[in-house]
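In the two assemblies presented below, subunit A is common to both, partnered first by subunit B and then by subunit C.
Right, the complex of A and B next:
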């Protein structure tokens, strides 16, 4: 597969300039920071609240911004122009995901600091959040590629926001409604589980399972976004 | 040696046959014009040649490789494309748009300067795309398509939004590119553009090539074998080109009655109407 750092950089620089001048989308970086300040707590539910802030930020910032960046390219026909340049599928997808990854990583790091989350294992926390950023970027890419316009993309992200952010909270009903147990396998529920385990200083073996499930989601959704992009290369 | 070779291409969308057994070849270094009204199949063919669409049957090769290989990075470096769907980044300046393309083609910085001169936009380089007129946007899109001086250039109505001065400027530039070896595949509605720019043209109607050849050849083939003599009295006489007419003309000439004589050639637009029975719109 043909990958060029120069071409990825070209797309990243272009996206950064567009993002910094598009206030309707760049304002999204404020919300995670605001939520981190609003929900900061030191009680027994600190990990659960921290996971909520992170999950909300991932959907609202990572998926939403990525979906909008891709959908706008589609709406203005620049995605097809980009596809006709020497940029390969990986160049475009990595290039277009890099900006959102960097911004999300920086904003989540600042949010974590503002929230004041105490963790027993910073490396596992970073791994969990990094995998989640990739996962939510893939979701954003899929929503963007499916949508025909910017408005459609911003609406397409809402089900993700609701299911992934509120999913872990719905688990309180799992005894009454066994079907709800399936929500345990949501990446957001797994991230929440990981945060609780990190707060209580659980053994490494307890940390592995959530990380593996998040990783499986990440791989599966990344593959789907690649397949979808490849389909968009051609008309039918 | 041919840059484009198309053999028996057919394309069907549901019940609509967009292309019917289309075959032609374009030698290296030629400017080839595709004439046809909207919906005649021009864009479908252009998409097949650039691997954006698969043909239902038949084969095509571009730059010595099957057309389906045009999505490969190495092939994409060899051609440029401008279509009515080509987009630009509205929040970026002309220079920033070109800078992205320069980086994607891994070109030196001075290539921006060169291409801006080519499309006559050097003075406006710092302007954002969102404030540009349609004609200026068209010129920026063209600049993006040719920044890498491609071997093969696909142009879909390249001067449709331009005024005569800018059209002439672009034509001059395209001829310069062509002299440097770029083969140009051009679709156009503009008969003057086709006649002045193209070495050969094909007339496409309802997915079929109705005629192909140099504009002068087509005119020769389709002329009606008559000439018009304009007399000093203001009268116009339409004569067939035979011995009797020659004697008549010699007679008028000896009496100094002839103002002008010309053969009655059809324009490309007339030929199109003659071949297809429809207007070129």
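Right, the complex of A and C next:
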């Protein structure tokens, strides 16, 4: 598969125009900003809330948009004619993913600003969020591949939203049900931990463990999404 | 290109074919919907072949100009968007969203993707089915230009559509591809007269469809019926008008094994499979071509037929 920057750019621009004109999908931009304003709080202990807003935004915006972009292309049979052009499947996937990455990064940056989160190490925060965006894009790709239409795609994102966003909150039952401990290793829980550590200004060694776990998730899911993408679209 | 034989439920749908499309010629293949779908799936596997199907979708939220720019960038096509808009005669609609175009324009725009294709062989399914007169003419003209350096194949279930722009038309049935003998009607207006003059030397039956004269070999014909004193020639499930009267046709065809089985029917006896007796006085002939092709047989003609067939 050959990759061309020009073709990726063409797909990115095309998808941006379609995204911005489809209000059912582009309205998702508003939610992270709205949540950031709603939950903003002064002083200490804002990290947990901030992590929730970020996790929610990642599932609701990043995964949802990516899933919809792929599913819509399948629904309207445009993917097949796209495959007839010199554009490779990788061009299409990278084009869509980079659009989603740019939108998510911009929206998360603005909502971080609106929330007013104080961090001790901005670079680690950016790294954690960037990895998470990649991770949720991969999840979105998988959701999109398994749905035939926009409606199916928006439904497929809900389990992701519930498991990943609500996972950290289930940790309350950790003492009653030891099994819940597994949820500690969810990328969303780790992101939450990372932010708590960042707020208290913990040492670098404490910051690495959540980052590494998120990175492992990202690499694993990205690889899975690529493999599935190749496999699902071959017999499409 | 090679097409493999396809057998569905023990019935041969398509025999294996070898087929060579040439440049400078728009080739049409006319066949039924089932065979068309099978052929299209097989053609999709061929390398260097661009397939334009009727169910391909469009990016409805883009404008016409944006879509053409996207196609240009993604295919690496050389011509600027403005030139292409002019060529496609879409300048008036260039700022319109595709969702707001008429359905004819939408189908037309969707099919324009073939002009960006890099592949050497272009296969188009039903190019004219959804188009209105203006787009039909435009598209036919551009297709002619495209065929200068690409192999263009049109797949259609409708012969009339194939007649719009094909230089060569093949009919595909379970026996294979048959080249249809098509002549422009302006070039040969006196065809029926000519045949009468040559006194049965010419063995073709002239028929008309869409101002084109199509000549059939008598063995191809299944049967001929007369509707409102107009002869209708049935060939492979399609009907064609014929200017000759049934009496003239009967005279011309009797040496080819045709039989006047009814006041308004002439049947090709080679294609009769079964003599159906409904009641004591009512008979029909069932043909080999399909379950539903049944030709009435009048009582008076039965004796004659039995004598002819030695039963």
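Note that the second predicted complex is superposed on the first by the 231 of 236 C-alpha atoms of A that agree within 3 Å, B and C clash if a C-alpha of one lies under 4 Å from a C-alpha of the other, contacts with A are read in each partner's own complex, and residues count from 1 in each chain.
To be clear about the criterion, contacts are C-beta pairs under 8 Å (C-beta built on N, C-alpha and C of every residue); 3 or more make two chains touch, one makes a residue touch a chain.
Treat the numbers as computed from the prediction; the structure is a model and nothing was measured.
Novice: Following superposition onto subunit A, is the placement of subunit B relative to subunit C best described as a clash or a fit?
Specialist: Once both complexes are aligned on subunit A, subunit B and subunit C clash.
Novice: For A:54, decide between first (touching subunit B), second (touching subunit C), both and neither.
Specialist: neither
Novice: Applying the document's definition of touching, compare subunit B and subunit C: which contacts more of subunit A?
Specialist: It is B that touches the greater number of subunit A residues.
Novice: A:10 in the overlay: touching subunit B, subunit C, both, or neither? Say first, second, both or neither.
Specialist: both
Novice: Output check: A:76 vs subunit B and subunit C. Expected answer is one of first, second, both, neither. What do you get?
Specialist: After superposition on chain A, A:76 lies in contact with both partners, subunit B and subunit C.
Novice: Is A:233 contacted by the first partner subunit B, the second partner subunit C, both or neither?
Specialist: In the superposed model, A:233 contacts subunit B only, not subunit C.
Novice: For A:85, using the defined touch cut-off, is the partner it touches subunit B, subunit C, both, or neither? Pick first, second, both or neither.
Specialist: It touches subunit B and subunit C both.
Novice: Between subunit B (first) and subunit C (second), which does A:2 come into contact with in this model arrangement: first, second, both, or neither?
Specialist: In the superposition, A:2 contacts subunit B only.
Novice: Once chain A of both complexes is superposed, is A:28 in touch with subunit B (first), subunit C (second), both, or neither?
Specialist: The answer is neither, since A:28 touches no partner chain.
Novice: After lining up the shared chain so the two structures overlap, which partner does A:18 touch, if you call subunit B first and subunit C second: first, second, both or neither?
Specialist: both
Novice: Need the overlap of the two footprints on subunit A, from subunit B and from subunit C, as residue ranges.
Specialist: Correct list for subunit A: 6-7, 9-11, 13-14, 17-18, 21-22, 76-78, 80-82, 84-87.
Novice: Spell out the part of subunit A that touches subunit C in their complex, as residue ranges.
Specialist: 6-7, 9-11, 13-14, 17-18, 21-22, 75-78, 80-82, 84-87
Novice: In the complex, go through subunit A and note every residue touching subunit B.
Specialist: 2, 4, 6-7, 9-11, 13-14, 17-18, 21-22, 73, 76-88, 233-236
Novice: Given the complex with subunit A, which residues does subunit B contribute to the contact?
Specialist: By the definition above, subunit B touches subunit A via 47, 50-54, 71, 73-74, 76-77, 81, 85-92, 96, 100-101, 103-106, 144.
Novice: Touching subunit A in the complex: which residues of subunit C?
Specialist: 50-53, 55-62, 66, 69-71, 73-76, 97, 113, 116-119
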